[in-house]
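Once you've had a glance at the structure underneath, I'll fire off some questions.
Chain nomenclature is as follows: A, B, C and D, assigned in order of appearance, with residue numbering initiated at 1 for each chain independently.
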Amino acid sequence: MKEIEFFVDLIFVNAKGWCLDLLGHFLPDWTVVLVSIIISAVVIMVLGPLVMMYLTLLERKVIGRIQNRYGPNRVGKWGLLQPIADGIKMFTKEDIVPAQADKIIHFLAPVIIVIPALMVFLVVPFGERMTAVNLNIGLLYFIAVSSITTIPIFMGSWASRNKYSLLGGMRTAAQMISYEVPMTLSVVPVIMMSQSLSTNTIVMTQAGDMDLHWFVFTPWGLVGFVIFFLCAVAECNRPPFDLPEAESELVAGFHTEYSGMKFALFYMAEYMNAFTLCGIATTLFLGGWQGPLFPSWLWFFGKTFLLICVMIWFRGTFPRFRVDQLMGFAWKFLLPLTLINIPVAALWFFVPEQLAWIYSVPILAVSLWGLVKLNRSFVPEKRIYPLAD
Amino acid sequence: MDLSVETVKKELETKVPGLKLRKVRDSLLIEDAKDLTRVASFLKTSPAFRLDYLSSVTGSDYLTYLESVYHLYSIEKKHGPVVLRVRAPKTTVPIPINCSTAAMGAVPATVPQQKIIAGTAKIPSLVPVYRSAELQEREVYDMFGIIFEGHPDLRRIFMWEGFEGYPLRKDYEQEDTEVLEAADIAWLDARHIAVPNELKEKAKELQAAGKRAVARKPEKPRIA
Amino acid sequence: MTLFGTGVLKGLIVTLKNFATSYFRKPDNGGIFTVQYPEERAKEIESFRNFPFLVYDGTPEKIRCVACGICERECPPKCIHIVMETEAGTGKPAKRPAVFEIDYGLCMNCGMCEDVCPFDSIYMDHAFEVTASDRTQELVRPKETLLKSNDYFLKIRPGTATPVDQKRRAAEEKKKTAQAAATPPKTNP
Amino acid sequence: MINTKSLEGSQMLEINFGPQHPSTHGVFRMNVFLEGEKICALKPVMGYLHRNHELIAENLPYAAVMAYTDRLDYFNSMANNFGYALAVEKLADIEAPERAAYLRVIMAELARIVNHLMLIGFLLNDLGAFFTPVLYAFREREKILDIFEEVSGSRMMCNYFRFGGVKRDVSAETLAAIKKIVAGFPAFLEEFEALLTENEILCMRCQNVGVLPADLAVNAGITGPVLRASGVNYDLRKVDAYGLYDRFDFKVPLGKKGDVYDRYYVRVLEMRESLKILEQALAKIPQGDILNKKALPFLKAPRNFKPAVGEAYGRIESPKGELGYYLVSDGTPQPWRYHVRAPSLINLTVLEDMCVGQKVADAIIILGSIDIVLGETDR
């Protein structure tokens, strides 16, 4: 029984191993290393777009159901071929470049935006021993690479020579930089607890067979998770933080002037970012691929897709923030909360667990309450409406 | 309170000195258009009337003169309406083209700053008293060519800048939809659509006379 | 005092509930209300009016329209064009339309023609799948495509057609009896 | 007013919102001058949908204009019909029989519900909600539109009212169907409000945004829910008591501050009041004629309808505000002068006052909360 579980768990890792063993008989050692790298790269390059394609379908289906519609159901069974049809449409569409645009940068922006989105896949642990590169600074690498996304978006918006795009680009820069700060700080407790920046080690510290040691089940972990997740939603420009696109205000924001495949690349980057951010959130707080009974990769993908569904759920429910409120939310609310969260987590490390629960829950609750009180503008006014004759 | 035309007329004549009023149907005609602002501000502020709400501003064309009609109500006292009307003969006055609109690129540079259009009339604007006249007076100006003196931003509102003529005037040359012109017939022929001979002949006649298919206009006012 | 964030959570619960109920509730009860158009069709409502059609009794030759031109005159957007037929030999007006065209591109489906027609001949149709690849020619519908039988009329709008039929039959019988009353003197010189 | 000369060389950004823009509700244009995201000046530009409705009407017999009034505010053609029928009835001194008057009230209130549903849905779309409120609103609107189709033959371009009555009688089944809708509607409103009213993001976005003071609103001739959201009690259904509105027991909800949130919530409350009116009307509706005998001959011969020389101004509380029709008759079949006092147009007077000093995103929702329909604005 245990063997079968183990076999299924490592099926992809073993498959790669067998391939490399087979090649090792014929080829010199250095080529085997090369082939190993190529296999990982190809898997990621295929996985990224594939995930993106079916995320769009998932999103359309789920939002459709939320809105009491079917969603796409005409192309293939349950609309399963819809992403392919969309892809064909995107490829065959005319590529329009505005006459006044900075043509080179306009072209480069969608190309560059995909690269960091693919690069962060490197450190995502998809399952047991299924990290493409087990970097010992994995988390730092992730934060660094994912924040590059700002630049291509701004390039695209600037090069379009469109005022809507420009406003969208400015918003992107402001938003991404603001949300980077609480996001990074919300990760700090996790690093402190696991004493490592390697994503693999972080997952390992949350190990536990039936009793779940996921960080999210601690007070600081829960707060950190919520903050990280909200920042992740903001980072990949999804509602209610989709200001750079802001369909009702800025038409399509930074990609107003993009069409055809270039437009699709922006979308691809957005969805891949959503996937990797959810994957990292899973890794950091939800125990990564840890979990009983099912194979590790299934756990990972299950948790990640759950988070993505929450993102979609947000999109189907919320109106959008305004730009100053968005900034205020990051700087006045999330940032102080993360700063309180770090010492709480630090104390947790030294104090026995029962005692830690007793002090950390009130501290966090009181600080949350205090922050709400201090941020009056976020709290809705209660109004009573008179009914006149 | 009683808002019948007679009582309002009496009240106005006693309270506003030097005012000439006439009853026209269910409304008060202010003989001298210049008195309009005085009357309106009196009706707005007088505690008996408090007509603080200008519901509608409309123009109409009675061929020899243009008329502007105002419907006043009171939100405070919940009564109304008092209908005022002002007449202005059709005269020739220069129409100033708003400089700011020219700067905004709405008007081509070739359009002269002052343009003479026949048959415009001048009436004082009610915008200083009622803001609600702002867009409505622009509409009346656009459709009838009544110039509201003192309006802060008198530009065409629905028709484009540079449009000539005033569509709701009875002398506006409107296309006769029942008659086809030579160009229309050529267009239809090119698409192989059968056109009755009768229409073709009419078009030929029109072309020969050098006229356009214009709908018949009323010669004399049917109503005063 | 309500807790900050409850409004957001309430909203999330509403959407989640709708997501779940879309799988098992009925359309009129919070379920999916999409009608999958070409396969399914929305319920046809009898009084629905779209473009006008001309009614004939029995065969297309027995057209009810007498080309009086009232609908042509009263049509607000002027989309009807009628030319009366003349008798081949005499050249007299034949009380039949030679040309009866409706420009579907102009028609605004107001139903005025139906209201004013004194001969019960023009009515509003249910057919809404009216497309054309050309807006000048194909959208101008000639008499042949406008003509539809009384049976069709009875089928789509029984509520309107039945009283009209009864009225017409009564009038016809009256005419017949009048004729029958009028004929005997002729046969008896 | 913008002095464009002073803008030259400044860091201000001029943006045209519209005529092609997702949330200008048609082909409306806002010329916006921005400093960063803050609005310094805003100028509404309209006329893209202008078709000179008034001139068309002046060339048509009175009855044929009815079909054109549908196209003014195409979300609630019933209200437009009502106003026009009222004005003509004033002019020609005809009265609608009892049953017809009840039917008119029922249809007008259903149209009000449809209109407010659409407004709130699209306001939320302007706020950035991804179509969910719109589609929930559509779900309910669909049921009401089915009723409209059943009574008038068309879902949106109803053309249902006639001078001195209505076009077609309504069967008992349809009335029962309306009753069912009215009975089921509060539950939907609860759900809708749970989704929106207390949502913190919505409150943050809408509260204290686009404040319209009461005195400015009155002076600028703002009417309808926008005026009442500013706290001014002025509802023509109460003031003029046209139709049969004096027979029904209903209240006028008033706002406090006159911001976007008040305008949203006043409309929600108005829907509840409309439901009250509908309940009463459905309970009380009598049997009888649907058309005044005087008006009967003109159905078949619209050109015989020649009102005596005179003029009339009929106004109703349309969902968007005061909808007035000014008619001058010269004794011929066509009106000599026909004018529509369009609430959508006049409510735009204060758009700039509300928007200046706010953010770009606010301008969109302020425009959304005014509730304009370009068919009516531009005419």
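Following the convention adopted for this analysis, a contact is a pair of C-beta atoms (placed from the backbone, for glycine too) under 8 Å apart; a residue touches a chain by one contact, two chains touch by 3 or more.
Everything numeric in this text was worked out from a predicted model, so none of it was measured.
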Look at all chain centres (mean of CA atoms) and spot the one farthest from the centre of chain C.
-> A
When you take the mean of every protein CA atom shown, which chain's own CA mean is nearest to it?
-> D
Taking each chain's mean CA coordinate, chain A and chain D are separated, in whole Å, by 44
How many angstrom between the C-alpha centroids of chain D and chain B?
-> 25
Could you grab the centroid distance between chain A and chain B? Build each centroid from C-alpha atoms only and quote it in angstrom.
-> 61
Approximate Å spacing (C-alpha centroids) for the pair chain C, chain D = 29
By residue number and range, which residues of chain A touch two or more other chains?
-> 66-69, 316-318, 378-380
Shared-contact residues (touching 2 or more other chains) in chain C = 4, 7-8, 11, 14-15, 18, 30, 33
Which two-chain combinations touch?
-> A-C, A-D, B-C, B-D, C-D
Which of the residues in chain B come into contact with chain D in the complex?
-> 25-27, 52-56, 58, 60-61, 69, 71, 75, 78, 81, 83, 100, 103-104, 130-136, 139, 143, 152-153, 156-160, 167-168, 174, 215, 222-223
Tell me, which parts of chain A touch chain D in their complex?
-> 63, 66-69, 163-164, 166-167, 239-240, 242, 246-251, 315-325, 377-381, 383, 385-389
For chain D, which residues are in contact with chain C within the complex?
-> 60-61, 63-68, 70-71, 132, 136, 139, 142-143, 146, 149-154, 157, 159, 168, 191, 194-203, 299-303
The residues of chain D that touch chain B in their complex are 1-5, 31, 46-47, 50, 52, 54-55, 58-59, 216, 218-222, 232, 234, 239, 309-311, 313, 315, 322, 324, 326, 328-332, 336-337, 339, 341, 345-346, 348-350, 378-379
Which residues of chain B touch chain C in their complex?
-> 177-178, 188, 191-193, 196
